[in-house]
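Scrolling down, you'll hit the structures one after another.
Okay, so chain A shows up in both of these, paired with chain B first and chain C after.
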Partner chain A sequence: MRKNRKFLYGVFNHPDDILNAAYALRSTSNQILDCFTPFAVHGLDRAMNVKRSRLGIVAFLMGLTGFLLAVSLQFYTNVFDWPMNIGGKPAQLAVPTFVPVCFELTVLCTAYGMGITFFLRARTIFGVRETVFEARQSDDHFIMCFDMESKSLNIDEVTGLMKQHGAFDVKQVEMLAGK
Partner chain B sequence: MYESPIREPLVTGGRTYHNITDDICRPIENKPTRAWMIGFTISAIMAAVGVYSIAYTSFKGIGVWGINKTVGWAWDITNFVWWIGIGHAGTLISAILLLFRQKWRTGVNRSAEAMTIFAVICAGLFPIFHMGRVWLAYFVLPLPNAFGSLWVNFNSPLLWDVFAISTYFSVSLLFWYIGLIPDIATVRDRAKGRARKVYGFLAVGWNGSTRNWARYELVCLILAGISTPLVLSVHTIVSMDFATSVVPGWHTTIFPPYFVAGAIFSGFGMVLTLLLVARKVMNYQNYITIGHIEAMCKVIMLTGSLVGLAYITEFFVAWYSGVQYEQYAFINRATGPYWWAYWSMMTCNVLAPQIFWSKWARTTPWFVFLIAAVVNVGMWFERFVIIVTSLHRDYLPSSWIDYSPTITEIGIFAGTLGIFFTCYFLFSKFLPVIAISEVKSVMPVPEKHDLKEAVNVH
Partner chain C sequence: MAHGNHNIEITNQQFEFTSKQKMFTYIMIVLGIVLLAVGYIMGSNDHPASAHKAQTEQVVKEAGGEPAANAEGHGDLNTKRLWANLLLGAYFTFLLGCGGLFFIAVKNVANAGWHVGFMRIPEAMATYLPLGALFVVLIGGVWGVSISHYYHWSTPGITDPSSPIYDKILAGKKGFLNVIFYCGGLPLFFAVWWYIQRKLRTWGISEDQDDPGLSALGDNTNTKWYDKSVAASAFWIFFFGFTFSITAWLVIMSIDAHWFSTIFSIYNFAVLWVSTLASIHLLLIYLKTQGYYKHVNDEHKHDLGKFMFAFTVFWTYIWISQYLLIWYANFSEEVVYYNARWTSHYMPYFIANLVLNFVTPFLILMTRNNKRNPNTVILAGAAILLGKWNDLYLMIMPGVTGDYGSIFGFMEFGSIFLFFGLFLFVFFRSLTKANLTPVHHPYIKESVLHDVGV
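Up next is the complex of A and B:
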């Protein structure tokens, strides 16, 4: 059972404001829970110390899987199980003609392997309920959110800093939220 | 976030973030307009003609295409290659232009990707129904079967095509859908009632969290990285269907780059055709600016010149090779019974785009629309010329024959146009036709602070 959690959040209306606020908060002990923005604000992830995603490694491994799948499929069918005899020529292990299918299956497995991992990791799956603080967080409002149950959170300091950097609203809310 | 004194702004008209959301969600939230209803009805009728013709073909057999002669499959394969070519601009815009950091792609990539998907669906119909017994279409897959260990032949470019086109379709679909998620979330957050449920389901719980944006951008970058060689591979492999045969006029090593250039050329032609109408009807002149149109015209001019170079090189090599079959094939193209198709192709593809050297031509929407339409026609003739002229005069004079399409074939071609436009009309009504979140990230906004603190941290 998920229970309601209490959040503190500030609302900004300019990407530079939320970026400045995030950098200002680095020198305090307050930990930003997450920011919700209508588009990718570059630098915000670094300001929040978000670790670099490892989806690139997943993509590589998936690509390798696809490549090996294609090699073994073509080797098994056209070389091992039923060697083709074309005009008596030793064409069984025709490496150049195996290249296109190897390439295509590598790309297919990379794309879908990484895509599905992304959906699972980001918990964006069909039927998941969204965490929406304000309807306009996907329009023109930028939201910086804190977990009020966190011991290290200094509410007054956070509120002051956010307002100083251009938050036009700071609110507390109790809601059901994933993650 | 993307301003420079020497660049034209990518979004004009002093729009704010909220204006963008309003403008792009408006067609989704309002009742369809009269123009939309009329266009949709016409497309749906054409699609119905296509469905009927395809059903007729399936019941009667492919004999109704007049396929009992060497050149009988010309219409089918011409349309297949034409549609696949059109399907190249979307992934080119979203992948290659992403890697080259061409920010203007944000205004047009969504529509172009949608167009790619619909065009590949139309293209796929041709080889699938050309199989005749379409219920046995799974025979092209490497499946263990009841006929002993009889596998598909991986030495055949036709099988590579199966892999290339299905991979291209699947990856384009994934790329398109991932790109759509943040915008569907925007629509969801504005919607009420049943629409909110539907868009909420499609938005898979996206909330614009910074962690997810970081992952999202990485995924898009990697998808762009792998889609770039993919988009080049698809038409390369299509061209190998021809190039690995020994038919004069087909058996040339220039085919892969020549086909890829032609595909990008025709793809941009179709993107311009659609977007010039969409921007006018939906009032998106602030997002698809004259600058966007001009950039696409330059791509058309470049690829049109490449295609022209390929035509001339082919001719030169045919003469220089000293092979009389090859020489005959090319002279027959230009002066034989299908001279009109050859010269239509030359005029539409090589001469017409050269008008874009003029800035007036590149920046006048109605004129660009005209040239884009000419490019679409020219590229159809290119495939017709390659296929018909090489096949109607092959090595065996007893099988020399002329070609004309049957009524069923014409019905199927009209039907694919109908299916394509029906899908596009539905897309433009129910999904955001411009990438809202991407346009917001490149629009000009006043810088509020010098990011001094941010710079100090790095």
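Up next is the complex of A and C:
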């Protein structure tokens, strides 16, 4: 649901600065909404108290789907519906022949399922408008943003902490953004 | 992880080879020799050779291939078994030496930095390379080919058309399977590997001793030594790809000289790489319990665990690729290899192979917590090392001794103790010769700050 939302954001020049600011904000009640960095800043997820991704569970479920798909496909075609004698191999459940298809379909479903889930969850899939605060957030600037509607947000404290840790600009903005 | 602190100091630790560790390696070596002797004497007192031999020959002949693997009887089966076990131990530890060098080389070429904190471990493993290569050539080439002709293709007269034991197929392979290639060609390859290993090692130590005035990590902007290492590593990986294949064909695959598999060398490489990763991880965990490598934390161990997990699957992929095509095509000259390992007393080993090498580490190392927990990693690493030993046992033993070697005995333990004692001795001795952490490596800071995320 895209609607007009108010954000507070700080712009940093250096990955260390945004990392330090995130650590400093941990001891306050202010919840960082998100950070936008041109590359992965190591340790930032820990500093922001990001919970561990559940993508692994998705991967397992997708893999299981692929595996079961492969087994049922082969079982139905090769054992149940139309058993064939290929090279004198046992027509009922020739297990080694099942292995490659099971492997490939498991990998295929896991990879695609994980990829699509990730893009959906990260709101970077085709058709979703990206949230852009500054054009340079994908170049050489680091953005840390807060939800102004959050009741626990202390604007003065956040502004002060961000400036203290090297934010050269702190702005408030109202823009269309997805939840 | 300490965030933001970019002036991390690493105390320049030096490994101390304590008398306790020395004693441990000596005991392993002596115990190995004793067990080999006991196993050998017990085996020769049993006189099981004739009965087993007849049975084996029958089984092999029924299987339709490789009749002369046992028929010619150069040396009795007990001595052959001793030789096969020594070859296995020598080859296994030799693979670990190669693997240590490969680890360093592949990280150099990839410009990787996360491993730098503990890169002295694979480096020290690689210093076993010359000794391991010497043992492989001595046991395989000198004893196995030249003196006792344990390799079927090295039987005198087998490529001679006028001889009664003339073998047309082996005669066709004599351009490759011959003494000169084994005792002259292989040492030549190994010499090049050793040269590169020496160079990488000395350059790494020179880099460490450069500019001793540097204090903060990552201050070293002099990448002279590193650039050289990258170039040498790139050359070596290229060279190693071909020469390791030839090594695997000559040392292991030519035991079953009529049989061949085009995937065999990458299969051996999978054995090398997985067991190397497991060894690095286990040695790292051991050194951490001794108080070294404080800056190597769960993040690095997590990545090593990922590697172990990933290449466990890689090994299985290669294993099934070799098995599946042979099973499917069902040509007698190919199937004989698996016949001797499945429809024989080796069947338990064959099943254990998959359980130890795939099922156990795959299930143990699947979750994130298990990759970061030393106890579960030790369990998985032990399964991998045991499984790789079992894998090599299945490659070597049926071809050399037939079913005779299928009963586990003292010799099997002896060979492993002897060679792993030697390996550990060389490893620990090399560790003492350099700083435990290459503090002037260009990527040391990246390694210390390594973080795989939440």
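Convention: the second predicted complex is superposed on the first by the 169 of 179 C-alpha atoms of A that agree within 3 Å, B and C clash if a C-alpha of one lies under 4 Å from a C-alpha of the other, contacts with A are read in each partner's own complex, and residues count from 1 in each chain.
Throughout what follows, a contact is a pair of C-beta atoms (placed from the backbone, for glycine too) under 8 Å apart; a residue touches a chain by one contact, two chains touch by 3 or more.
Keep in mind that this is a model prediction, so the values were computed, not measured.
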item: Combined model on chain A where chain B meets chain C, clash or fit; value: clash
item: Partner chain(s) touched by A:45 [first = chain B, second = chain C, both, neither]; value: both
item: Which superposed partner A:100 touches (first chain B, second chain C, both, neither); value: both
item: Which superposed partner A:89 touches (first chain B, second chain C, both, neither); value: second
item: Contacts of A:128 with chain B and chain C, given as first, second, both or neither; value: first
item: In the superposition, chain B vs chain C on chain A residues touched; value: B
item: Contacts of A:56 with chain B and chain C, given as first, second, both or neither; value: both
item: Chain B versus chain C as contact partner of A:23, first or second or both or neither; value: both
item: Listed stretches 62-70, 206-214 or 440-448 of chain C, narrowed to the one that overlaps chain B; value: 440-448
item: Interface residues of chain A shared between complexes with chain B and chain C; value: 16, 19-20, 23, 40, 42-43, 45-47, 50, 52-53, 56, 97, 100, 103
item: Chain B-touching residues of chain A, taken from the complex the two chains share; value: 14-17, 19-20, 23-24, 26, 34-48, 50, 52-53, 55-56, 59, 63, 73-74, 77-78, 81-82, 84, 86, 91, 94, 97-98, 100-101, 103-105, 107-108, 110-112, 114-115, 118-119, 121-132, 135-140, 166, 178
item: Residue ranges of chain A touching chain C (in the complex, touch as defined); value: 16, 19-20, 23, 40, 42-43, 45-47, 50-53, 56, 87-89, 96-97, 99-100, 103
item: Chain C - residues contacting chain A, complex; value: 1, 3-4, 6, 317, 320, 323-324, 327-330, 368, 449-451, 453-454
item: Chain B residues touching chain A - in the complex, by the definition given at the top; value: 1, 16-18, 21, 142, 149-155, 157, 159-160, 163-164, 167, 170-171, 174-175, 178, 181-182, 185-186, 188-190, 200-201, 203-219, 222-223, 226-227, 229-230, 233, 237, 240, 436-438, 440-441, 445, 447-449, 451, 453-454, 457
